[in-house]
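The structures considered in this document are given below.
Across the two complexes that follow, chain A remains constant while its partner is chain B and subsequently chain C.
And then the complex of A and B:
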C-alpha cells in the first residue's frame, strides 16, 4: 500500500500549524496568545515527527513526541507563572511594555497607532441565588 | 658516647613547632599564656646546645654532621638538607639559645598586656628557629635560606607595632637595605656553584685553593651579604631605625644575635677569605672605619636606644676588623705564624661576638627597663638621676656599661684586647698590607676610648645628676617586676664573668675549643706575637677605657655644663655627628630621589603611552559596534522576527544549493 500521499497530508497539516504558530507569535502582542502560538508551533513539529515515525514504521518519533508533550506541559506551567508575575508588575499583558534589554543608547519603541481600548462589556444579569423562594407578588392572572 | 648528630635538627625544630603552635592557638586559646611554648622550646634548645658543646668535647673525629635528605636533586646541583655542628656553631648556638631564652622570659614582663602578645612570641620563636638553622646549616644554600628567614623575622619584629608609620617605615628600610647585601651574597653563592662545588657544602667549598681575582670577588660578595646583615658602612643606616621595634627585639635580634650573622658568615668562610689578602684588608678596613664612624655618631645621640644601636654597629665593626686580620698570604717563610694569626683573628672575633651578645643584650634590656618605668620615654635629656628610682636596673646597666667600655677584668676588656692584639699582629712584618693594619690598630684603640666615653655619657645622663622623671611616667615610676630584673641580673653576671672563657693570658678555653673543633683552625700555634708586644694592646685598651670613662664623668657629672659649651665651640662637628654625618640625607638625595624620579617617569609612560595604545585598540571594535547597535532595541518580537528571517535565509540557501547540485 502506498503511504506517501498519506504522509503528505500529515506534513501539510503540520506545516500549516507551524506557520500559523509563527505568524501568531510574531504578530500578536498578548503574552498568553504568544505563548499559545509557540505551543502551536511545537505541536506542528510533533505532528511531523509522528507522521514520519508512522511512515518509517518505527516508534522513535512517537516516543520523542510523548516527551515533547510532557516537557510542553511543564513549560506551560512555568510560562504561565512568569506571565502572571509580569502581569502583576504592569497590570497588562502587552509584550512591548518589556523593552529593558535594549542598548542604553537606543530609544524605546512606542506604538504609533495604539489599539482602541477594549470595549467595556455589559455586566452579566445577576441571577437570584438558588434555593430561595421568590417573593410572590399579587397574581396577575387567575386563569 | 651517645651520638648527638641525628638530633641536631631538634634545636631549630622545637622553636619552629612552638611558633606554629602559638600562631595557630595563641590569639584564641593561649592568650596570656602564649609565652609558655616559646620559653619551653627555646630552653630545651638551649639544653640541647649545651649537650652539643659537651659531646663535641668528647667527639674526636671532627664536627657532628648529619644529612637528612637531598633537598634539591637537580642535574648538576645536589643540595642536601644537612646540619653540622663544629666548635664555631656550638659557641654560636649556646649564645643564641641562652640569651634567647633569657630575653623571652624578660619579654613576659615587658610585653605584658600588649594586644599582639601571642604574635610577639610566635615571631620570636620563628626567629630562634631561623637563627639556629643558620648556624647549623651545612651548605651555602641552606645557610642562605635561613639567612633570609632571620631577615623576615627582623622585618616582622621591627614592624611589630605596624600601626605606627615610623615602625612600618623602619621595617621596610631594614628589609630593603639588607636585601641589597643579600643580593651580593646570592651572587657569591652562584659563583661558588659554578666555579667551585656542585653541592655547595662547606667541606667541598673550603678545600678550594685559588689566589686569582676570582677568590677575591667571591670573598667580597660574601662580605657584601655580611655588610648588609651586620649593618656595616655603607649599609649601616637600617640598624638605628630598627630600634622602633620592642626593646627585647632590639636586644635579641639587633644586638645579640641576628646582626652577628654576618660575622658568623665571614668567620665560617675564613678558609676562603684568608686566601685573598686584598679581600681581608677591605674587610678589616670597613670594620675599623665603621667602628670609628658609629662611635663618633654615638657620642652625640640623645636617644638611649640609639646610642646603644650605634654602639652595636661599632662593636660589629670591631669584629670585622678582627676577622680581616687573618691571612695566609703572609709570606712563605712563616706558615706557622700565618696559621697563628688566622686562628687568633677568628677567635678574637668570635670571642668578642660572644661577650658582646651578653653585655649588649644586658644594656638593651636595662634600657628597656628604664623605658618601662619612664612611660616609654627614651630621650636621655628628659630624665636623669634614676639611681634611686631604679636601683636594680642601675646596677645591671652599670655592669653592662663597664663591660662594653672595656673596664679591666670585665668581659669587653678581654675580648677587645684580643681584637687589638690581632690587628697589631697583622701589622707585623711579612704582611702585604702591614702599614694599613697599623693604622687600623690605632683606629681600634681610638674607638675603644670613644666607646668608653659614649657608654658612660649615656650612663651618667640617665642615672646621675638630679632626679628628674618625665610626666609620661605618671606617679608610678617604679622598678620593673622580677620577671624582668632576674634575667637582667643573670646577664649582668654574664657580662662580668663571661670574659673568663678566654681571658688571655689567664685562661684560653674558648680559643682551645674553637681551634680543636673547627676544621680550618685546627693545629694553629701561638708563636706569633713577641712577649714584649703582648701587653701593648692590653695597656692601650685599658688606658683608653679609663680615660673615656673619666672624661665622661668630668663632662657630665663634675662640670655638667661643659658638654654644652663644647658643642657650641665646635658647632659644625657637633651637628655632623648629631645628624649621623647626613648619611640618610645623602642616600635620599643620591639614590632614593633619582629612583623616585625614574618611577614617576615610568608612571607617566605607562599612563599615557601604554594605556593609550590599549585604549586605541579597544576603540576600534566600539566604532564598528555603532553599525549594529540600533538592532538591539529590546523588543522580543523583533528578535523573533530576525531569527525567523535568518532561518528562512538559511533554508533558501540550502535548497538553492541542493537544486544546483548535480
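And then the complex of A and C:
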C-alpha cells in the first residue's frame, strides 16, 4: 500500500478551495469578500501546481506559482485602489449598487426582505461623580 | 486491438457505487454552504454546521482509507482540514474583518502544504506577500470603508442557492474526473482475477476464469498505461502480459507455466498499482539524470526535488556525514531556474509590478474635484 500522501489528495484539496472560492465570489455582495474569494481560488490553483511540481520532480510548477503570486500582488493593489474609488462614490461596499453596469436586456434586481433591525447596544455604564468638582477658573501662577 | 494513445488517457467509467459515495460529501457541502450563506432572515447555523462537519469527516474518510499514520500524512490531513474549514468560514462569515482573518488562516495552512511538498521558498514568499502584505492591506481598506451597523453588503447573498449549486457542481465534476483518473478499483479487480486464476489447478479452469478471448488482456493493457511515473515497471508488466497473450490463443503452455506467468503478472501489476499518482518517485524513475547511479545508494527525495527544471543536475550536495544538505534543498535551484530559463518572465513580472504600483497610485490618489 502507498504510504505517502498521493498527488490525488493534494489535487482534491486544491479543487475544494477553488470551488469554495467560486461560491464566495458568486454569492457574496461585499466587494472585499468577493476579492478574498478570488484570492482563495488562486491558492487552490497554486496548490495544484506545487503538487504537480513534486510529482514531476522538477521546478516548473514552483516557478509558475511564483508568477501567480506576483500577478496576485499586482491584482490586489489595483483592486484595492478600485474598491476605495467605488466606496468614495457610493459610500458602501455593496456590489449591487453598481447595477447600472448591467446588460441593457437584464432587469435590475431589488431586495424584497427588509434587513433585521440593528441590535440595540447597551449604553455604557456611567460612573457617579465622586467628591467635589474643583472650581474651574484661571489658575494664578506665582512666578 | 490497441486504442490510440489519446483514448487510453480517458478511463472508462468505474463502478458507479464509489462514484456515488464520492458525491455524498459534495452534496452535504452544498447544503452546508447554502444554509450558512448570509441572508436577512437569519441562517440555520445548527443544520449548516452539522452538514459541514459531516461533509468534512466523510471526505476525510474517503481520502484517508489508504493512508497510514506517518507524520507527513497526519500533517497533510490536519493542514487541509484547517484550510477547508477556514475557506468555508471566509465565505459564510458576515463580518468582513473576520473573513479577512480566516483568509489569512487559509493562506497559512496552504503554506504548510507547500512545505510538505518540498517548496520552502514558496512557503516563505506566500506568507510574506499574502498573509503579511495583502491581508494587512485588506484590513486597512476595511477599516477605511468602515460601515456602521448592519448593511446590505454583508447581510445578504446574491442568489445563494444558484451560486452554491454552480460551485459544487464544478467541484463534483472535478472530483469525479480525479476519481476516474486515479482510482485503482478496476485494476484491482483485474489483478484479483489474475490472482484467483493462478490458484486454479487445471488449464481448463484458468481459461474459464479469464475467458478465452483477449478482453482481459486488453483491459490490463489499458490500465497499465496510467503509471506514467514508473516506465520501467510498466515495460516489465507489458512484456510479461504480451508473452502471456501470445500463448493464450491457442493455448501452448501447460498449467504450471501458465500459473507461474500469472503469478509474475500479478506481482508486477501490484508494483504498478502502488505507483499510481505517488508523490515519491520510485527508485527506477526515468526522471533521474543519467549521471546518477541509483542502484548504488538509495536517494532521498531531496535529490529529486532539487533538480533543475529542464537540465539534469550533477551530484547532489552532501555534508560530511553524506546526508543531503537540506531536506529539500531546492531554493538555490529555483533561483537558478528563474534567472536562466524564466529570465524574460521575471523581467515582465517586475515591469508588471511597477505598472501596477503606478496604476494604484493614479487610481486611488485624492485629486481636487475640479481636476476629475
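The criterion applied here is as follows: the second predicted complex is superposed on the first by the 103 of 143 C-alpha atoms of A that agree within 3 Å, B and C clash if a C-alpha of one lies under 4 Å from a C-alpha of the other, contacts with A are read in each partner's own complex, and residues count from 1 in each chain.
Just so it is clear, a contact is a pair of C-beta atoms (placed from the backbone, for glycine too) under 8 Å apart; a residue touches a chain by one contact, two chains touch by 3 or more.
Computed from a predicted structure; not experimentally measured.
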Item to complete: Scan A:63 for contacts with chain B and chain C and give back first, second, both or neither.
Response: second
Discussion item. For A:26 in the superposed arrangement: first (chain B), second (chain C), both or neither?
Written reply: both
Practice prompt. Check whether A:8 is in contact with chain B, with chain C, with both or with neither, and answer first, second, both or neither.
Written response: second
Item to complete: Have a look at where A:51 lands relative to chain B and chain C in the superposition and call it first, second, both or neither.
Response: second
Discussion item. With both complexes superposed on chain A, which partner does A:128 reach: first (chain B), second (chain C), both or neither?
Written reply: neither
Fill in: chain B versus chain C as contact partner of A:96, first or second or both or neither
both
Worksheet item: Given the superposition on chain A, which partner contacts more residues in chain A: chain B or chain C?
Response: C
Practice prompt. Using the superposition on A, tell me which residues of chain A are in contact with chain B and, in the other complex, with chain C.
Written response: 22, 26, 29, 95-96
Fill in: Sites on chain C touched by chain A in the complex
33, 37-42, 59, 63, 66-68, 70, 72-73, 76, 80, 83-84, 87-88, 90-91, 96, 99-100, 103, 106-107, 110, 113-114, 116-119, 121-122, 125-126, 129-130, 133-134, 137-138, 141-142, 144-145, 147, 149-160, 162-164, 166-168, 170-171, 174-175, 178, 182, 229, 274, 276-281, 285, 287, 304-305, 307-310, 330, 333-334, 337-338, 341-342, 345, 349, 352-353, 355-357, 359-361, 363-364
Practice prompt. Please give the residue numbers of chain A that touch chain B in the complex, ascending.
Written response: 22, 25-26, 29, 34, 95-96, 98-103, 105-106, 108-109
Practice prompt. In the complex, go through chain B and note every residue touching chain A.
Written response: 629-630, 632-637, 640-641, 644
Response to the item:
In their shared complex, chain C is touched by residues of chain A numbered 1-13, 15-24, 26-33, 35-37, 39-40, 43, 46-47, 50-51, 53-60, 62-63, 65-67, 69-78, 80-85, 87, 92-96, 111, 113-116, 118
